[in-house]
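Provided herewith is a single structure, encoded as structure tokens, for subsequent inquiry.
Letters A, B, C and D mark the chains in the order given here, with residues in each chain numbered from 1 onward.
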Amino acid sequence: MNSIFLLLNLLPILFLYQFGGALHVSLPLTSEFTLSLIQTPLGTFFAYLSLISFLLVTIAQKSKKLACNYYVLQFLLSMAMLAIVLAGDFITFFIGWEIMTWSSYFLISKSNSIDIKSLQKYILFSLASAFSLIAGIVIAYSFAHSFDFSVISNSFKDMPFNIKVALIVLFSLSFFTKAGVIGLHYWVVDTYSKAPNLFSSILSAVMSKMGIYGLFLVYGNIVGYQELKMMFGTILNGTDFGYVLAWIGVATSIIATFKAITQDEVKRLLAYSSIAQLGYIIAVIGFGTTYGVAGAMYHTLIHTIIKLLLFINVAAIVAQTGKNRFSQLGGLIYRTPVSFVMLLIGIIGLAGMPPLGGFASKFMMYNAAIDTKFALILIGMLFSGAASFLYCYKLVYGIYLGHPTSKNLETTKEVPISYLIPQIILALLLVLAGTFPGAFIKIINPILVEFSLSTIPYSGLGVMNSAVGSFNGFFIMSAFVVFFVLILLLITRIKSKAKNNLNRFDISYCGEVPTQDTSLHFGFGFGTDLYRIKFVNAILKRSSSSFYESLATQTKKTSELFSRMYYGNIHNTMIIILLFFSTLFFIGVN
Amino acid sequence: MLDFFNNTQTIHMIIIIGSMALFFIGFYGIATQKNLVKVLVSFDIMESALFLFFIGLHYQVGLVAPIVDKNLKTFTSMVDPVPQAMILTTIVIGLAVLALGLSFGIEYYKLTGRNDISKMNELRD
Amino acid sequence: MIFQIILLIMLAYVVGFIYFGLYRNITARIQGRYGPTVYQSFYDSIKLFSKNNTVSYGWMFYLGPVIMATGAVLTLVLVPVFSDSDFLRSVTSQGNLFVLLYLMVLGPLGNALAVGTGGNPFGVMGVVRGLTRLIGLELPFYIAVVGLIIAANSSDIVHIIDVQKTAGLNIINHPLLFIGAMISMVGFFGASPFDIPGAPQEVYSGPRTEFSGKFLALLMSQGSLFAFAKLVLIVDLFLGGADSLVMLVLKTFTIFVAIIFIGIVYGRYKVEQAVDFLMKLPTLIAVLGLARIVWFG
Amino acid sequence: MSLGYYFLLPVLFSFLTPYFKKLGSFTLRGSSILLSLVLFLQTVAYVGVKLPQISQFSIKPPLGIAFILDGYSLLFLLIFTFSALVVSFYMYWFFEENSGRDEARFYVFFNMLIAGSIGMILSCDIFNLYIFFEITGICSYTLSAFNKDKLGLESGIKYLIIGSIASIFIVFAIMLIYLQIGTVNLGLIAQRFHLIDPKISVLIVLMLFIGFGAKAELFPMNFWAPDIYQGSISSVNGLFSSVVAKAYLFVFFHLFYLFNLGSKYMLFVMVIGAITFLVSEFTALNQTNVKRLFAYSTLGQLGILFMALSTNSSQTVSGALFHLTSHSISKLLIFLALGILIHKFKSAKIDILGNFKSGFLTIVLAIGFLSILGIPPFSGFVGKILILKGFALSQNYTAIAFILLVSIVEAIYFFRLTAMMLDKKRAKVTVKVGSVNYIILTLLAVLIILFGVYPSLLTHYTDLATNALLHPTNYLNYALGVGL
């Protein structure tokens, strides 16, 4: 079963490759709707991103005994995403969007740990997103009289200003919900953490990117960055619009980072981290400059790689140990060394350290902020980046380092090879992205042309150019490797005896001797004391849940109020009908 | 005096007043009565008022019933037959509904011992 | 180039250790003690290289210090040491200020991994304290750096140095940024009041608890390299760099002494106090400096 | 073939039912299937024929009575006969499972219900329309009381009382019309309606509105509707939802556009529809009985349809008719599938949806839910987007926002049910679906998907229907007997 769907997932990639940018299909649905697929550089980028992610996840699913319908739904989901990114009109886009919504809903429901409340959260937010989208679509239609992207884009300039704003707000809300902007992220964490473990990787790595794709589509293609600038005016070297969006993104990033640090469940941490990383992308996506777009695009790519890697890694560990909390894991480094290295590469990328790809994308975004002189935005991003080191370390420490928390962790075997293959591929990609950041310039330039922005100069595979400085990824990577090897050689040459691999109970423990069931996994829960810092406390104690809970309560109360009318007294019903008639009669006659 | 009553206008006025009165008696009945049988009777009263109203307004002094016999040679001096046909049909329907309602009522009374429509509220959530 | 790199490492090694010795010496004098000789740390490191290490926790424990040292060396070679010479210019032009900012964290990550492998509670405590402190500590420094980059419109350090030649030193042009950066530097050098991770009295040197022998020696050596690199960076950014060895030593020493004197008179903050403090006054100062550049620059 | 057969055949079969019963239950059930099949095939035979078609009985209209089939009624005829076919197949299974029920009684009224509903949509004479209205009414009272228990009888009585009120209003309206214009022919009424004194005309319109609105389950007059659904068996629920309510709705808008009331009463009907939609969807959230729940859902969808059909714009009306068709199919599917579950669990509590185990039922129910919510690629989506598009073209953004917002409320309970079906933690009882049901449910699900992915199949007919509804010139000519 797995192999069949592996091949099936490979087909669209080959298909896309075969067309090589010339795909243009249109299929009349009714006299009014036409489904059309057009391959733009932007769409192609996201198409490859999602298809390859699906392929890798399918490889990882080899070792799981999954039913046929699971694979079918997953394939449907990948096709829906393909429809989204290749859509040439809003109807195709919306159909893809909704199929994505429900097929992912059914996939999430296949998890063992899911409950109705989380499922409801997921689907209601997704539908709210979709309805906001469709509202925007039909409003655009009412002016353009077409669903076609190019037609709407052409007639956008002639719309009244309030309609333009309404359209931008509606579309943004829809895509923000999918990407999990703070305030609209209420569904994200529960869903990511309770979905099937491998599917969480799709949710975080690919599905949230559909929101990003939508934002690119609307800001870059439908509205156009030039038009945004004309509509809202400029501040410093960027647009007002971009500035507001940047603050939304930075707030998302900072808040989610601190929330991530305090989590105990591994996947919840990753979910918050995902929100935070998408916050960066949203922060720079509205700049409307070459480097803003490039930074957002590059970070999209890098975040996809990293989150796939991390979620697959965690899924493998959860499958292998049956534990999903930091307080239940620990000390797996020498039991599952390959997984450890993969996770390590993942978190180095996530923290954005050189020489891996994570740095290159962050560099691009920071440069975009300097380019537009949005200094505080940049500070916010740097600050959230610094705080993200905490959860990165928590991730690697809580799972792999320290001491095992239970007996059976000590006998854990390395995870199955099917989990490792995609991780190794992704880790290699991450290393390559850091070593040859210049390659990305080649990918991004056609997209920049599509958005009618200036392109980035290309000077070699290893060099990442930007407006305010450049760096040579290849040099840094090789210098790192060379120094590392040299120092390693140096240190191994120095002979010194060491007592290897101490017993884990061989530590000082306040003068007491730890017993077999004493947990020696210290510090896995760090970050929970951050509330003592006033600023962080202000973030942590606030939650959007109270708002949504009260909304739910209000809805329920309204429902009870209305249902009190339907209490089945036919006599009163008759009287109401007669009264209604009389009232209308008097109103009508007068 | 009789002439006064033999006037179409007067007859119509009396019929309108009478049928309206009857109608509102029925109206009052369905608004206040909770006994199923009384409600059904009220409906019937309302319907009867309508029939009376309709037939009555189509009667004009000097016209004969629309029955073809040897006295009736032309179609000019007879009452419009359509309302009568309609009312006949409606009466039949009303009767059917009344019978059905009563049969439901009886069955319901047999099962529960109640015929108060405002207490028929077992169908609820 | 390779020769120059070796030269630079040796220079940094020596200067770094001497500064560290001076630091211990000056601290002792202020506290009314004699203290060790200036060269004591240097001797210590040489000695430790030949000692047995008492414990090991496997390969990650082994690699951690190596990663840390790699990070320090890489940082060192990417910072332009001399302003007007071509010394290692081909190397430093491969990176920029952002690369340095992030490289400075790579080393501590390696260390944290090794410490985590050991699982010693004091070690982990130290790492966690360090990471928590980082939330606040980096902030004024980041703001200062961002301000300078925006002022020079380049993240290339050489360019920032060059700008200072015509427009005057950054310490004079942007004093608020300098104050902010210096407060962060106090923490980067592990001086009071921000010496939280390795607080000797509380957490037994924190991250270094379990290290001994050649690992401790490696950690100490990279510490001195790293300290030198950071000093040079500050000199480059605010004091217009140094065109000769004498000027370099002079300028770095001035900065170093300033940091010691700031640090010596304060007691240690708790970690949350430190972050709270850093997020208020120093950040405010730096933001004011930044605002001046962005809006009135 | 004369249109009269639509009425004659069901009546004939109804009267023959006691004879069929003597021949055995198979003949009885088969006869109903045969009847529905014949009616359906007859309707299919009209597809592609030049419309409108007229069948006059003895005297030429406008004096005589006649049946007229135009595009608008053809669409409804297709829905009705198809629903009847599906339900008659379903009842075959139902009586197989529940032997000993009074089958003959069901089939008599079932056949007559079809006759009445079809009569209502074909009749071009308002008094005839009233008679069919009453026939439909009496049959639905009896069918809702098919379970001769307390609940069934209660629902029958309630339905009867409401029906009586509605019929009094309609009779009154017809009488007023006759008094004013002196005719019952729809064509003539339409021609002369503007001649009526405005005050009387308001009264007539109001009475028709109350009469048909109460039956079509509009807001302040629909407090009885959920009770009726709860008290009757689920196949009858399906019929009520997809045939009976739609027939009243048909008449409502047929008269609405024939009498050209659009300009004057559009906003009023739209607001009433919107309130119906809002109140029903919110009320549905709070239900624990599936039948009541889907009754509210039906009310809500009728609310949307009233909103959209009253707009007088061909785009929106066409969308609404598409939505109506898709809703009929989906609701039929849902009620029939629920019938299987209710039969299995002997309960209509909402929990039964969480406690059954059957992949097939889960899939078809999910398809039904998604379709009603208007999610692609199912047929409900096309209807909803066409409606929204229509509103957008008339720049009625309030309606768009309203429909979308309330749809989220609708989604809450639909997805709660879906989540219950998918919830693995509940105790599950395997439910076997018989082959008959398997076929009809698959057929309905396939139709939902088919209309969703290839809407042109249906848009052709909805466009025809819209044209016939909004521009009834041809209809009027035929009704007036011009050129016959």
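Heads up, the rule we're going with is that a residue touches a chain if its C-beta (ideal position, glycine included) is under 8 Å from a C-beta of that chain, and two chains touch if they have at least 3 such contacts.
What you see is a predicted model, and the numbers here were worked out from it, not measured in a lab.
The pair of chains sharing the greatest count of C-beta contacts is A-C.
Between subunit C and subunit D the centroid-to-centroid distance comes to 79 Å (mean Cα coordinates, whole Å). For the pair subunit A and subunit C, the distance between mean C-alpha positions equals 35 Å. Annotation: 45 Å between the Cα-based centres of subunit A and subunit D.
Centres computed as Cα averages put subunit B at a distance of 102 Å from subunit C. Within subunit C, not a single residue touches two or more of the remaining chains. Subunit B has residues 30, 117, 120, 122-125 in contact with two or more other chains.
In subunit A, the residues that reach two or more other chains under the touch definition are 563, 566-570, 572, 574, 578.
Judged by the touch criterion defined above, the protein chains form a pattern that is neither an open path, a ring nor a star, and not fully connected either.
Partner subunit A is touched in their complex by these residues of subunit D: 157-158, 161-162, 165, 169, 199, 202-203, 205-207, 209-210, 214, 220-221, 223-224, 226-227, 279, 282-287, 366, 370, 373, 375-377, 381-382, 385-386, 388-389, 391-393, 395, 397, 400-401, 404-405, 407-409, 411-412, 415-416, 418-420, 422-424, 454-456, 459, 463.
Taken in their complex, subunit B has these residues touching subunit D: 30, 36, 39-40, 43, 46-47, 50, 53-54, 57, 80, 82-83, 86, 89-90, 93, 96-97, 100-101, 104-105, 107-108, 111-112, 117, 120, 122-125.
Subunit A makes touch with subunit D in their complex at residues 28-33, 91, 94-95, 98-99, 101-102, 105-106, 109-110, 112, 115-116, 119-120, 123-124, 127-128, 131-132, 134-135, 138-139, 141-142, 145, 555-556, 558-560, 562-563, 565-570, 572-574, 576-578, 580-581, 584-585, 588-589. Contacts from subunit B toward subunit A in the complex involve residues 27, 30-31, 34, 117-118, 120-125.
Across the complex, subunit A is touched by residues 49-58, 60, 62-63, 65-67, 69-70, 73-74, 77, 91, 94-99, 101-103, 105-106, 109, 112-113, 116-117, 119-121, 124-125, 127-128, 131-132, 134-136, 138-139, 142-143, 146-147, 149-150, 153-156, 159, 213-215, 218, 272, 275-276, 279, 287, 290, 293-294 of subunit C.
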